[in-house]
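Below are structures written as structure tokens.
Both complexes below contain subunit A, partnered by subunit B and then by subunit C.
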Partner chain A sequence: MTPLTFTLRNEPEERLDLSGLTPDRLAGMTPAEIAKLRVGTSRRPVAAGDIFKITGTDASNIVFSGGSGRFDRVGTEMTAGRIRVAGDVGARAGRRMAGGLLKIEGKAGVQAGSSMKNGRIEIDGDAGEGVGGPMAGEIHGMSGGLVIVRGKAGDRAGERMRRGIIALLKGCGDHAGLGMIAGTIVATGRVGRYPGHLMKRGSLLFDLKPAELSPTFVDCGRVEIAFPALFDRYLMEEGILDRPLLGPRPFRFGGDNAVLGKGEIMFARG
Partner chain B sequence: MQELTRNGITIDDTFAEAFGMRATAIIITAPTLKWARQAAITMTGFATSVIGCGCEAAIDIDIPASKTPDGRPGCRVMIFAMGTDELQKQLKTRLGQCVLTSPGSACFAGLQGSASLDLGSSLRYFGDGWQVSKKFGGKHYWRVPVMDGEFLCEAKTGLTKEAVGGGNFLLLAADAGKALAAAERAVAAIEKVPGAIMPFPGGIVRSGSKVGGKYKGMMASTNDAYAPTLRGVVKSALGPDINAVLEVVIDGETNDAVAAAMRAGLKAVIDLGPRRGALRISAGNYGGKLGKFHYHLKDLLP
Partner chain C sequence: MVAWIGSRTVPLSAAIEQVAKLLATSRCPVFSLDSDIHGCRSLIALAERVGATYDHVNGRDLVHEVALHTDIGGFFATATEVRRRADLIVVGGDLPTAHHDLLLSLAASKPDLSGGGRRRWFQINGKAASAGGGRPLRLPKAVEVGSPDYPVDAVLGILRASLAARKASAALANADAFLSAMAKARFPVFVCSHLTDVPSLAMLQGMLADINKTQRATALFLPADDDAWGMVLASTWMTGFPPRTGFSTGSPVYDPWLCDVDRMIAQKEADLHLWVSERDEAPPARRGGPPTIALVRGERPVAGAAATIRIGKAGLDHDGVVYASRIGTLRSVAATTPSDLPSVRTIVSHLQHALTGKDMPC
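Our next item is the complex of A and B:
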């Protein structure tokens, strides 16, 4: 079976809500039914068939040929299968995702992987603010799964996350792991101000010492423990990094002592 | 009895009788192989027989650093017991007292089985609130702060119900030195077989037993038929040329592992020959009614 492919006809004139175009929602639907699905967000009745040329039949393997910063909520709540976007996406890609693979070959807007539970999101370009974070009013953010941003991520990546792994391969903005409850954030490259601000538990793992570390983190010295080698190996086996991140004797800071103080920031080079 | 010989060694036409058991395995790593093995040896001390020790345990194989989860040298330890509850209890106490305490140690699951046993899940409380849970790659680990850094331990390991305990053979020789030489050869060969352990001291038993005894309450007593000092006094299984008997006992992850181990051990003894080693090879059984697994020596010869 060929992948169910949505080929973008023209740059959309309004923001699109693509939360309906997931493997779960499209299973068993005919191309005609899919073409009639509403994807517009304005008062005009914009349907999937107006925006995309729809080909292929395998709804468990969805391809968006061509993307746009106006593609919001791609892969929302998907639980299985895969979605590949050959282009950019807008806000909240993979929000509350519970399984499967979401691959974005361009940039992602704000809140990619917001409150995701499981599955894997790969973003080849940059990502906006709040990767894996909660929506306003939500108690916690990401609670499982893996997000890989191969570009740079915006501020507040991994805000209030509880579990799971976020890997940011070209650095990130300020306040990574803000109010983190637990989980792991990996970042290589430049990390913005005050990573781990108000984190309770969890691990922030960097290659370099952050330029501005909150004074409520305390220096635990260089540690000689087995965990970094195990985790470095995982990162390489998953294809996230091609060389070890932490090495045998990383530096460790404990915090945030403004709150519970059971979190850690570890980095390879001081 | 039909006479069967290999390289001048008489092979009795008999079989080893073995039992179904529960088994688990863990991988212990440390900064050096010496300390990985030290943790493993300590953990598997006083674990020769389920009758008196609660479990049977030993090192299965050493694992090079490139093949362990954390890239440090390690070894795989197997533990056998008759029931899941006893196995869990033994695993927990031995892990807590012997592996957690050993310098630089870390511990990982060594078996994917039909059910799971607690590993780090039962030790994490040692961290007194400072333990760290990490889940990645489909696995769950605990990091417990200790005085030389951290004890890293996978949360669970697997349990197999396919395990077999009690594979064995008896090496009958002209003197104690030759019996020991033959047994050492067998042990060295079996150590290379994955999934099989020999829980007795150095893999060797000198006090083989029979079921029951004359004293009330004795479940087992000396195997007088194979005791050379009683030859002539009791109904002995030993001819005039035999003056020492040693037994090698094998527990395996599967029926096949026990058979492979016995095959390797028999080959090593036969290769050594009767002048330097055993004159005769036999095996222990209870008439075939108690154990589900029978290993006939004639089927396992080289």
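Our next item is the complex of A and C:
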């Protein structure tokens, strides 16, 4: 079977809510039925058929041929299957995702992987602020799964995350791991102001010492524990990094002591 | 002379008809609002009618204050309760100039329900602590706690760690005096405005949550703009949500990013912008932006606007209702120099009639 392919006809005039175009929701539907699904968000919303040329039959393998910064909520609540976007996406890609693979070959907007529970998101370009974070009014952010951003991420990556792994391969903005409850954030490159602000538990793993570390983190010196080697091996086996991040004796800071103080920031070089 | 289409003076009825036509045909209208409670209520009802998205004209500042309540929550008291009960007041960072009189009046009063009539003051300061706007307030009685090396959010973090007997890697001036005063206080109150950002407000409210495990403590939240906070209250009781909310799907949707009116205009999602300001603020000039309808006090048509209608200001040209943080609730304001300029509510009522053939229900 050929992948179910949505080929973008023109840049949309309005933001599109693509949460309905996931493997779970499209299973068993014909292209004609899919074309009638409402995806627009304005007063006169467009249907999927107005925006995309729809071909293919395999709903478990969806391809968006051509992307746009107005593609919101791609892969929302998907539980299985695969979505590939050949281009950019807008806000909240992979929102509350519970399984499967979401591959974005361009940039992602704000809150990619917002409150995701499981599965894997790969973003080849930059990502906006709030990767894995909660939406307004929600208590917790990401609670499982893996997000890989191969470009730079914005502020507040991993806000209030409880579990899972976020890898940011060209650095990130301010307050990475803000209010983090548990989980792991990996970042290589420049990290913004006060990573781990208000974090209770969890691990922030960097290649370099952050330029601005909150004074409520305390220096624990260099540590010789098994975790860095294990995690380095995991990162390489998953294809996230091609060389060790932390090495055998990383530097460790404990905090945030303003809250519980059971989190850690580790980095290879001071 | 109260209405223009472009730069041409027209009767009010003609301008209303033109604006109603623009609203009816718009695919994605957005409203930037600044009015009293009656004006905001009528404009939110109009937004619902035409499927518009709305925000306050100073939504960029307001969004942090709203996030304090939607994302973090907290302990809050009114200024009246603080005046009578607080035996320790801690001012967190700089406060907007508009609230300095309130602080000075608190400084001149004594708590009659707590602390034996005595009140101690502390002021938390840090590096570049001027997020509140305006000149810094210096309270003569206040002991300054802080460090010139760290911003206010970091200072708050160090204080919070110290209160829980956890280590920090920096020391603060007068921290021991602060901890001692906190231990003795029966009703400490932290006065805050939009400090710098949401993480700072989260740190302050987290500290209050820690303190409340063993004793009472609360915060007096002073919004940067009382009129904007009044709009938040009106929006919340009408739709269940604060601004940034939109009605494009028919039901109210609150989304601080998606419904950011400035972003929607910049990214060319909006195709019509209704700007309402009872102050003398004109809409920001934007090249290539959508058509603008301006409801403003100015005596001239707004340059580049498709239509301009003059409005009066509540409390000046006509009576109105506004939010007052000094009393923590709404208050009526009488017109000081009554004029014939129509209120926002009057204009919106005409628009509703032109759109539906019916008058507004409220």
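Operating definition for what follows: the second predicted complex is superposed on the first by the 269 of 270 C-alpha atoms of A that agree within 3 Å, B and C clash if a C-alpha of one lies under 4 Å from a C-alpha of the other, contacts with A are read in each partner's own complex, and residues count from 1 in each chain.
Just so it is clear, a contact is a pair of C-beta atoms (placed from the backbone, for glycine too) under 8 Å apart; a residue touches a chain by one contact, two chains touch by 3 or more.
Everything quoted here is computed from the prediction, not taken from an experiment.
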Touching partner for A:216 - first (subunit B), second (subunit C), both, neither: second
First (subunit B), second (subunit C), both or neither touched by A:65: neither
Comparing the two partners subunit B and subunit C, which touches a greater set of residues in subunit A: C
Touching partner for A:55 - first (subunit B), second (subunit C), both, neither: neither
First, second, both or neither for A:179, with subunit B first and subunit C second: second
Partner chain in contact with A:118 - subunit B first, subunit C second, else both or neither: neither
Which superposed partner A:261 touches (first subunit B, second subunit C, both, neither): second
Which of subunit B and subunit C A:7 touches, first, second, both or neither: neither
Contact footprint of subunit B on subunit A as seen in their complex: 144, 163, 165, 182, 184, 201, 203, 223-227, 229-231, 233-234, 237-238, 262, 264
Partner subunit A, residues of subunit B touching it in the complex: 29, 69-72, 104, 106, 129-130, 132-137, 141, 143, 148-150, 152
Subunit A to subunit C touching residues, read off their complex: 13-15, 41-45, 69-70, 72, 91, 110-111, 134-138, 175, 178-179, 194, 197-198, 214-219, 256-259, 261
Subunit C to subunit A touching residues, read off their complex: 26-28, 50-51, 67, 70-71, 150, 153-154, 156-158, 160-161, 164, 166-170, 199, 202-203, 206-207, 248-249, 254-258, 267, 269
